[in-house]
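Some structures are shown below for you to check.
You will see two complexes here that share subunit A, one where it goes with subunit B and one where it goes with subunit C.
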Partner chain A sequence: MSERVLEALRSKFGAAVMSTHSLHGDDTAVIEPSAWKDVCTFLRNDPQMSFDMLVDLCGVDYPSRSPRIEVVLHLYSIAKRHRIRLKTAVGDEDLVGCEVDSVTGLWPGANWFEREVFDLIGVRFTGHPDLRRILMYPEFEGHPLLKDYPADRTQPLVPYRTEAEAGVPLEKLAPFGPDEGMPFGRHNVRSGSFTSPSGKDNN
Partner chain B sequence: MEPIDLDLDENELELPTEPMRLNMGPSHPAMHGTVRIVLELSGETIVKSDVQIGYLHRGFEKMCERGTWAQVFPYVDRLNYVSPMLNNVGYALAVEKLCDIQVPDRCQWYRMILGELARISDHLTCTGAMAMELGAFTPFLWFIKAREMIWDILEEETGARLTHSFGRIGGMAHPPTPALKEMCRTAVRSVMDLVEEGEKMLLKNRIFLDRLEGVAPISGADAVALSWTGPCLRASGVPYDVRKVHPYLKYDEVEFDMPLGKTGDNLDRFLIRLAEVRQSVRIVLQACDRMPDDGPVNCDDLRFVLPPKQEVYTTIESTIAHFKLIMEGAKVPAGEVYSYTEGGNGELGFYLVSDGSGTPYRVRIRPPCFPITGGLSKLIQNAMLSDIVPTFGSLNMIGGECDH
Partner chain C sequence: MGELRHVTLDPAEGSGFATTKLNELLGWARKWSLFKYPFVTACCGMEFMALTSPRFDGTARFGAEAPRFSPRQSDLLWVVGTISQRQAPVLRRVYEQMMEPKWVLAFGTCASCGGFYDNYTTVPGIDKIIPCDVYVPGCPPRPEAVIDGLMLLQDKIARGDRTPGVVKPREDPAPGLVQLRRNKGVSA
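Our next item is the complex of A and B:
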């Protein structure tokens, strides 16, 4: 059924549709980034297509390819019950030109999805009403889902304690300092103060 | 008695007219601890709102790119932690679609039974929590009691109450226990009793109804445009249920209805969930009748499924297969796939990209409550401050899923 959709896309947009395939039954069209919004508008408004639901929008990073970032859009039509996957690739290896037209005007639901792709991958959606981070915090630097973002990198909002400050190797350090946290000694009822196991008064 | 400030001219008393800004959450009991809403209020009416998520972001998609395909299962458990089994099955089906394998009939029925049990517990938690946030504590306890019964079955089957990690590529971790069918038949009966009792408590309660009826309605077209799926979409009258429209597993062989709402207000979302509990019970009972008692549960494709333990210890081929599957991971053919199932909150999609190695290249989850929470701002526009609580409760936002 959605073979027809690919056929219609090819005949209407010609060279802007770079390739199509139907791997595992998922019809896919790879299109030029410049035609992104036109193709979406056509798919949304044409009565034969009527893709009224944006199912998913995500980005995939292929560092070895150029353009590097692939933006993947899944659409569904409630009335026609067909699906299509649209893909486009943008951005060079330094993420220059990593821009796609926003489709928020066509599907309001695209708002958060585009913010998420911007946040995690770094694609800028031109025409998006409110493009800011959504899952990460505003102070976060970089885009964590890029393949060259190290998975074990941390960006704490409150800086970690250094060895110089602690005076001992960090792995020997208790999670709290000697004078902070819960005292683990018994409560000395008579004097009303806590004593730590080392005998040092903690209160 | 005369007022003290006789000489005070009423015109002099000026109240501030600019909207008041109020932070709701993230540490607010009704916000489930994971959402913050920045509100601009005029009196008690919401003029503008900004819903901020991400407090439970744990880098799910990044973590998945580090292990093998099978090591993703514990992570998907922690997405929608109220119905982990549905996520397990959804992810397993996605990988199986990519590998082009199909699990035996017995496993399909088994997955359906466990999945529908998880769906019942998901809906009960949502409706119960929603009632509790409006002050009705007893129905919440009853619904949680019903959920306990379901969790007892899941514990018996999987060994874990909450995070089962029970799905496998090409099957399940264990075959069903002999007592499964009997346990299900007994449990759903008591669950339905509790649900009916709780329902009676709520649906004749004037306070409860007043706070739900007509509050935060949304039209079907709007809900579709906001990418809503699941009970929230069906409450607006749009007949879209993945189980019905694009059946997977054995959903085309069982009889169940797709309850639809009319106005899409909070009451409809509440009622749809309770109606779906009944449908899930129907599915569980039918699946119990039709699941074969013997036969294989896992498919026998040794590229993806671990060989039986007995053979691992006795034959060299199975030892090697086991070693390679564990150490290198199943080699999923290169390609990309989008697979979708009906999760607790709607269409749970997985977009997987494989480069042919034992590690996923990209695991993208389409969490159903991400776009639903995205529509919250539109729902509470021009509503009252106190309407946020039932509205947010009716959307069933699950932090783990929404924030990945």
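Our next item is the complex of A and C:
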């Protein structure tokens, strides 16, 4: 349906459109990060494109890829009734260079989406008017949706009561024994090992 | 109930007196006048509404109907729903603002132990930050279970007992419906 949008992008931006595909009718263009804002401006302002609605903006962490972080933008044109998905990839393994231009100036609704991606994934949107955490608290360290954020790491704002203080056991018990139900435990993404709630490494 | 030993009543006079211990009288008075502070954060709130509405009438019957939206005027803190790490200071502060004597009821699995939110964002049970008197597990708990919890709390108040209590299911609602792979050596 919106393959002509992809066609227009390819002809106008050339090599900055790294690849395109239309899997199951979802027209997708992978964009060079440096061209992110130009492509978005074109899609928003060109009368043939007129993407006037920002549907979604999110981030994805692919720890095995380089660049590692993917930013995904979904657009829809109410006037032309076509939609497109834009992707770009930024940041190396240590999230250096994890930056992309903000599109808040084009679609004001992108403001909180970009704050969310910054909060949970760690992408810095240059030119964003108010880039700070939106879901987690300011004291939080790190970005919890990165695959290497430890699954059992919590950062309490209120220090937990000790068992001596409470006078009762506070440990959370696994609802099943080790040989029943589903396995309760943690897979480590990096090492591939599995840790059961009792702390034993089952691998 | 604390034992109110009825000693004498003269019908002609229309008056009489009863004897009891002061602690028991206080406990009896407190357990029937629990002013609640509903700290409602999540889906359990719907079940809380069902509990307090006429079909179950789960609070007015026990003298715990009147809500007070100032912690300074309430004695029972209902923690209904998931408590995130970001909300924890608020809950702690609400608890600290309440006047003694005060009690806390954890409504639902999330408030009791964090439930399945075993991650960076959720407090694994409100007892990690404030003392808790009664835990009512369930996702959400049936109103009957909450009424059990409230009666358990009343019992504790009357006895002056501050050890935490858990509402246990009275019976397995559907034996055999859910089969755990318990010690059966199931091949996957």
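Keep this in mind: the second predicted complex is superposed on the first by the 160 of 203 C-alpha atoms of A that agree within 3 Å, B and C clash if a C-alpha of one lies under 4 Å from a C-alpha of the other, contacts with A are read in each partner's own complex, and residues count from 1 in each chain.
Here, contacts are C-beta pairs under 8 Å (C-beta built on N, C-alpha and C of every residue); 3 or more make two chains touch, one makes a residue touch a chain.
In this text, all values refer to a predicted model and were calculated from it rather than measured experimentally.
Engineer: Touch check for A:D92: first (subunit B), second (subunit C), both, or neither?
Structural biologist: In the superposition, A:D92 contacts neither subunit B nor subunit C.
Engineer: Quick one: is A:C58 in contact with subunit B, with subunit C, with both, or with neither? Answer first, second, both or neither.
Structural biologist: Only subunit B is touched by A:C58; subunit C is not.
Engineer: Please work out whether A:R81 is in contact with subunit B alone, subunit C alone, both, or neither, and reply first, second, both or neither.
Structural biologist: The first partner, subunit B, only.
Engineer: By the touch definition at the top of the document, which applies to A:V168: first (subunit B), second (subunit C), both, or neither?
Structural biologist: It touches subunit C, and subunit B stays clear.
Engineer: On the A-aligned overlay, A:Y137 touches which partner chain: subunit B = first, subunit C = second, or both, or neither?
Structural biologist: Both partners.
Engineer: Of subunit B and subunit C, which one contacts the greater number of residues in subunit A?
Structural biologist: B
Engineer: Regarding the shared-chain residue A:L120, is it in contact with subunit B (first), subunit C (second), both, or neither?
Structural biologist: After superposing on A, A:L120 lies in contact with subunit B but is clear of subunit C.
Engineer: Once the structures are superposed on A, label A:D46 by its partner contacts, choosing first (subunit B), second (subunit C), both or neither.
Structural biologist: Once the two structures are laid over each other on A, A:D46 reaches no partner at all.
Engineer: Scan A:W107 for contacts with subunit B and subunit C and give back first, second, both or neither.
Structural biologist: The answer is first: A:W107 touches subunit B but not subunit C.
Engineer: I'd like to know which partner A:A151 touches here: subunit B for first, subunit C for second, both or neither.
Structural biologist: In the superposition, A:A151 touches subunit B and subunit C alike.
Engineer: By the touch definition above, which subunit A residues appear in both interfaces, subunit B in one complex and subunit C in the other?
Structural biologist: 136-137, 144, 149, 151.
Engineer: Which of the residues in subunit B come into contact with subunit A in the complex?
Structural biologist: Touch list, subunit B to subunit A: 52-54, 57, 59, 61-63, 65-66, 97-98, 100, 221, 224-228, 238, 240, 245-246, 335-338, 340, 347, 349, 351, 353, 361-362, 364, 366, 370-371, 373-375, 378, 403-404.
Engineer: Which bits of subunit A are touching subunit B when the two form their complex?
Structural biologist: Residues 23-24, 26, 28, 52-56, 58, 60-61, 72, 74, 78, 81, 83, 85, 107-113, 116, 120, 133-137, 144-145, 149, 151 of subunit A touch subunit B in their complex.
Engineer: Once bound in the complex, which stretches of subunit C touch subunit A?
Structural biologist: 85-86, 88-89, 92, 113-114, 118-121, 123-125, 127-131, 163-164, 180-183
Engineer: If you look only at subunit A, which of its residues touch subunit C in the complex?
Structural biologist: Within the complex, subunit A contacts subunit C at residues 136-137, 144, 149, 151-158, 160-161, 166, 168, 170, 172, 176-177, 179-181.
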